[in-house]
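Please find the structures below.
Shared chain: chain A. Partners: chain B in the first complex, chain C in the second.
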Partner chain A sequence: MRTKCLAWTLIAPTALFVLAMTVLPLGYSLVTSFEEFRLGRPPVFTGLQNFHKLLQDTNFHSSLVTTLIFSVVATGVEFVLGLALALLLKEEFPFHGVIRSSLIIPMVIAPVVVGIIWRLLYNADVGLFSFVMQALTGESVSVLSSTVLALPALILVDIWEWTPFMFLILLAGIQSLPQEPFEAARVDGASSWNVFVHLTLPMLRPVILVAVLIRALDAFTVFDQVFVLTQGGPGTATEVATLMIYKTAFRFSQFGYGAAMAVALGVLVACFSTAVTRAFRGSV
Partner chain B sequence: MPRLRFMLILLALVITLLPVYWMVNTSLKTQVEVFTSPPTLWPENPTLRNYTGLFTHRHLGKYLLNSIVIAGSAALLSLAIGSLAAYALARFGKDLGQQRLNFWVLAPRMIPPVALVVPLFLILQKIGLINKQLGLILVYTAFNLPFVAWMMRSFFQEIPVDLEEAAMVDGASRLRSFRDIVLPLVSPGMAATAIFSLIITYNEFFFALILTSTPAAATLPVGTAALIGKTQTLYGEMAAAGVVAAVPLVIFALLVQRHLVRGLTMGAVK
Partner chain C sequence: MIRRQFLRDSLGAATATALAGCGNKDQRVQLTFGSYADPGLDILKDEFLPEFEKTTGIGTEWVEADFSGWLQKALNDGETKAGAFDIYVMDDLWVPRFAGARYLANLDELGFQTDEDFLTPALDLGYWPPKTGLRQPGIDPKAKPILYSLPLVSDVQLLFYRRDIFGDSPPSTWDDISRVARQKSNPAKRQYGWVTRGVKGNPIMNSFFVLLHDFGGTEFGENWKVTFNSPQAVEALEFYLSLLPYEPEGIAEFDSDQEGETLLQGNAFAATIWTGWCRQTDDPIRSRVVNKIGFAVPPRKVNRVAKLGLFMAGIAAAAPHKTEALEFLKWFSRSDIQIRFARAGGIPFKMSAFKDQEARRSSRWLDAILGAMTLGIPSPRTSDWSKVEDILGTELNRALLDKGNARQHLDAAAAEATAFLKSAGYHAD
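Let's turn to the complex of A and B:
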């Protein structure tokens, strides 16, 4: 009984802080989502009106689709490239440490700075990327102001920034696998492809789940790089959900409607992560 | 086969480092050289004018100071508070219902930041902490806490309970055995956790953008993003600001490399 008392005393400050800064605001968001709440006017309860509007708001739907395309493509490519890199670098070789450290640089740089880096590369006047593209195709393209190319360009930035994350976690996972099954497979003369498909991948499943889930959750709420690179444009070609909610709440001061969108996004994210976790568990 | 492997690794290195190099390269060029075509691969007349300009008339020093004060305070505060909880989770977790606690520690990570930012803005505005260092410190401390508690828990678990119990059998109080035995052993883990908190909060942009606005409290990412709008085609200055914001972090991250995986997955993968 005394230890239990001590334990709760030690946990209490953390619990209070988290309650005050996440659970309380989340509750506030829920309440606000049922209100007509504009800056400078008292909030008015309007029931399900915001959510009703949400169902018919094609801009919001298209921002969800943009977010989904962004997240799925980016996370998928990052996973494949990260796994390939991890397999390439799993054995020791000269300069191993230096190479590993260099490869993780993109993900420790602030997303805003990553935005700057790619602004410099994509820029039509001075950008290296544009210069190379022009040399190859003979045309001057301003990647970020093209409705077709802007989203792929943002996805490329995300891949550059976060492939190192997949690589690092998958590498740690591969290196911590027990050696015996691999030795047995070698004795039996299994091909390296068979070893990869029937041993490495299944044994790596829990690590893959963690890496993909963390990455996908962050991709769903991407904001910083989009804000710095395109602000959602041209038009609404790259308007991801978080950016649209930000604009609704803080540029157009519609707190109630913004909160309703945020709640909807939260529910979708929760459903998604539950589904992914179930799918992974179910297919073991 | 070894040759192919070597080529692929080299390719990955070039793709990773070239964009970063390009920022450093641009930051050292004069405004005229930035616009030469074809672009020069290294600055022909290297200059630091882009950097000095940022500090003399773009408030970059103030933004940097805000970032250090805010990220530093939040890291220390969350380490102090979160370590207590971590110790309790590591030692008495079983008595408290582990599953339920896991959920409560990890669930906040699943909430999209945008669902919290509207109410936090309204609350901070009401109590006069909008565009104040203290406001952002409190918010960041709260966001660091689940992470700190979780990561420190895994460090505490690595210290055998026997060590503490032996000290307590010898007559030391729990507090004393914690202070003299556990704390020294866990301090490298504490340092790594603190640096992680620093990295996360120093790079954070979304909350800082909404909860701060002027050089009085705005952090480096906010200041840098604002600069993009103001400088228009002064790519040299933009690049220099990026370098200033990135350098401390790259150094920090290299320091905690050994713990990077554990930190990124909140202890799920070691």
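Let's turn to the complex of A and C:
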């Protein structure tokens, strides 16, 4: 009994901290999503009105689709590249430490700074990208002004910044795999491809699940790069859900509606995570 | 024994240090300013706040964030009445939101007295409800305007033009701008007749605003009926789009920084830019067109207007040091301080400072700013303008990408804005 009491006492500060920092704000957001809450006026409970409005808000639907495309493509490409790099660099070789360390540089740069760097690279007048395109095709390309190119350009920035994250997790996973099955496969004369498909991938599946989930959840809430690079434009080509939530709450002062958007995004992300987790579990 | 002695001595030393620290602690009142980062505020921060401290004995602390970050902090402070800040530095566009939500203290009640030396268009921005024009739904049409904030730094969009291209007299009409752009632009040599902001939302709207009004258009008519798709507005947008061939590639992604840099690097002949860029044009480190840029009120079509965008200061309703905050506002708006502010390179908000010979000599753009301030009009005074601006700014950006379809885009924006305004309680018919 005394031990139990001590355990609760020791855990209480952390539990209270978590409650105050995560559960309460989440609960408050949920409550706000059922209210008409505008600056300077007391919040008024309006039931499901905000969610009803959301169902008819084509701009929000479009932002969810953009977010989904961004997240799925960025996470997918980052996974493939990260895995390829991890397989390539898993062995010891001269300067492997330096090379591995330099690969993670993009990840440690603040997202806003990344946005500024790429804004310069994409600049139609003096940017590197436009310069190369002009040398190759004779015409400059205005990447961020193009409704076709702007979203892929943002995805490329995310891939550049976050592929190292995938690489690190997958490399750690690969290096922690038991060596016996691989040695047995080699003795049996299995090809590299067969070893990869039938041993490495299945054994790495739990690590892949974690890496993909973490990156996907992060990609769903992308904000900084979009804010710095395009502000959701041109038109609404890169208007992701988080940007729309931010604008609705803080620029347009519609806190209730913004909270409803955030709740909807949260539900979408939860559904996506569940689907991914089930897909991975199902294939084990 | 030695260890006990060591612990005792250490404890004694730590306590003595702590007490000494307490004793030395500055006991004077500390006034906390919250602001967004902007070079236009540097002179105030670096030269005038230290002087205020020295003169009054009141300490100051300047807390700043980027524009959006500060808006969030300020809204949070205002809503929760936390009292973390004494003075909010605001974009003039924020005044309807902050005053309407009662985040600001009533300066009339606190005893602030205005005088005749204030520039009227600048001072009027601090009142809520607005002294003139439409009033937001829910506000008594007969309610007396109350002073909630004061100008801090004047800012207005000027026409920046190249004197080596246009000559010493500024282009007086939009047709002059168009004609010179057509005749002298040379995109192959990166010489552009015009440069503007094209990013969706506020940036492109800031650029279009002057054209809209100069061509005789407005944002709203009676009862907040949307009028920015009127024939005059369509003509204004068509003119705006007609300048595209004489502008840099990728203008749809240009914000004020790229617009200003294009001009400073000698690649553009003219632009309507905020006054914060004036000083940089003559800075050889930043500019390749030192002394080649002239400043004037934006050109005329049917009307001649300039867009106001002042830095305002208001005392937080929950400010812990209201008296001292009021003292700062009184001190900084004194005419003699404003004259010295102008002489130091700041953009004042009092007529005497604009007329001061020494200030005019050191800042050759002051006359143009005064002219523009006199003709200046602000964004519509409603806390919902940001949403309407976003809707219109998105369609303007689309028109830029289409390089046409002005009417179609303005109609689309008008329909969406009308629906929004009606849902927010405006009559809008």
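Just so it is clear, the second predicted complex is superposed on the first by the 284 of 284 C-alpha atoms of A that agree within 3 Å, B and C clash if a C-alpha of one lies under 4 Å from a C-alpha of the other, contacts with A are read in each partner's own complex, and residues count from 1 in each chain.
Please note the rule applied: contacts are C-beta pairs under 8 Å (C-beta built on N, C-alpha and C of every residue); 3 or more make two chains touch, one makes a residue touch a chain.
Since the structure is predicted, the reported quantities are computational estimates derived from the model, not experimental observations.
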item	value
Superposition on chain A - do chain B and chain C clash or fit	clash
Partner chain in contact with A:201 - chain B first, chain C second, else both or neither	neither
Chain B versus chain C as contact partner of A:142, first or second or both or neither	second
First (chain B), second (chain C), both or neither touched by A:124	second
Partner chain(s) touched by A:169 [first = chain B, second = chain C, both, neither]	first
First, second, both or neither for A:236, with chain B first and chain C second	second
Which superposed partner A:250 touches (first chain B, second chain C, both, neither)	both
Chain A residues touched - chain C or chain B, whichever exceeds	B
Contacts of A:44 with chain B and chain C, given as first, second, both or neither	neither
Superposed model, chain C segment overlapping chain B, candidates 57-65, 291-299 or 363-371	57-65
Residues of chain A at both interfaces, chain B in one complex, chain C in the other	123, 125, 227, 246, 250
Chain A residues within the chain B interface of the complex	3-4, 6-8, 10-11, 13-15, 17-18, 20-26, 28-29, 32, 85, 88-89, 99-106, 108-113, 115-121, 123, 125-126, 128, 131, 160, 164-165, 168-169, 172-173, 176, 207, 210-211, 214, 217, 220-221, 223-224, 227-228, 241-242, 245-246, 249-250, 255, 258-259, 262-263, 265-266, 269-270, 273
Residues on chain C engaged by chain A in the complex (per definition of touch)	68, 71-72, 75, 78-79, 97, 100-103, 190, 198-201, 248-253, 258, 262, 383-384, 386-387, 390, 394, 397-398, 400-401
Touching residues (chain side chain B, partner chain A) in the complex	5, 8-9, 12-13, 15-20, 22-23, 26, 34-35, 37-39, 81-82, 84-85, 87-89, 91-92, 95-96, 104, 108-123, 138-139, 141-143, 145-146, 149, 174, 199, 202-203, 205-206, 209-210, 220-221, 224-225, 228, 233, 235, 238-239, 241-242, 245-246, 249-250, 252-254, 257, 260-261, 264-265, 268-270
Residues of chain A touching chain C in the complex	39-41, 122-125, 130, 140, 142-145, 147, 227, 230-236, 246-247, 250-254
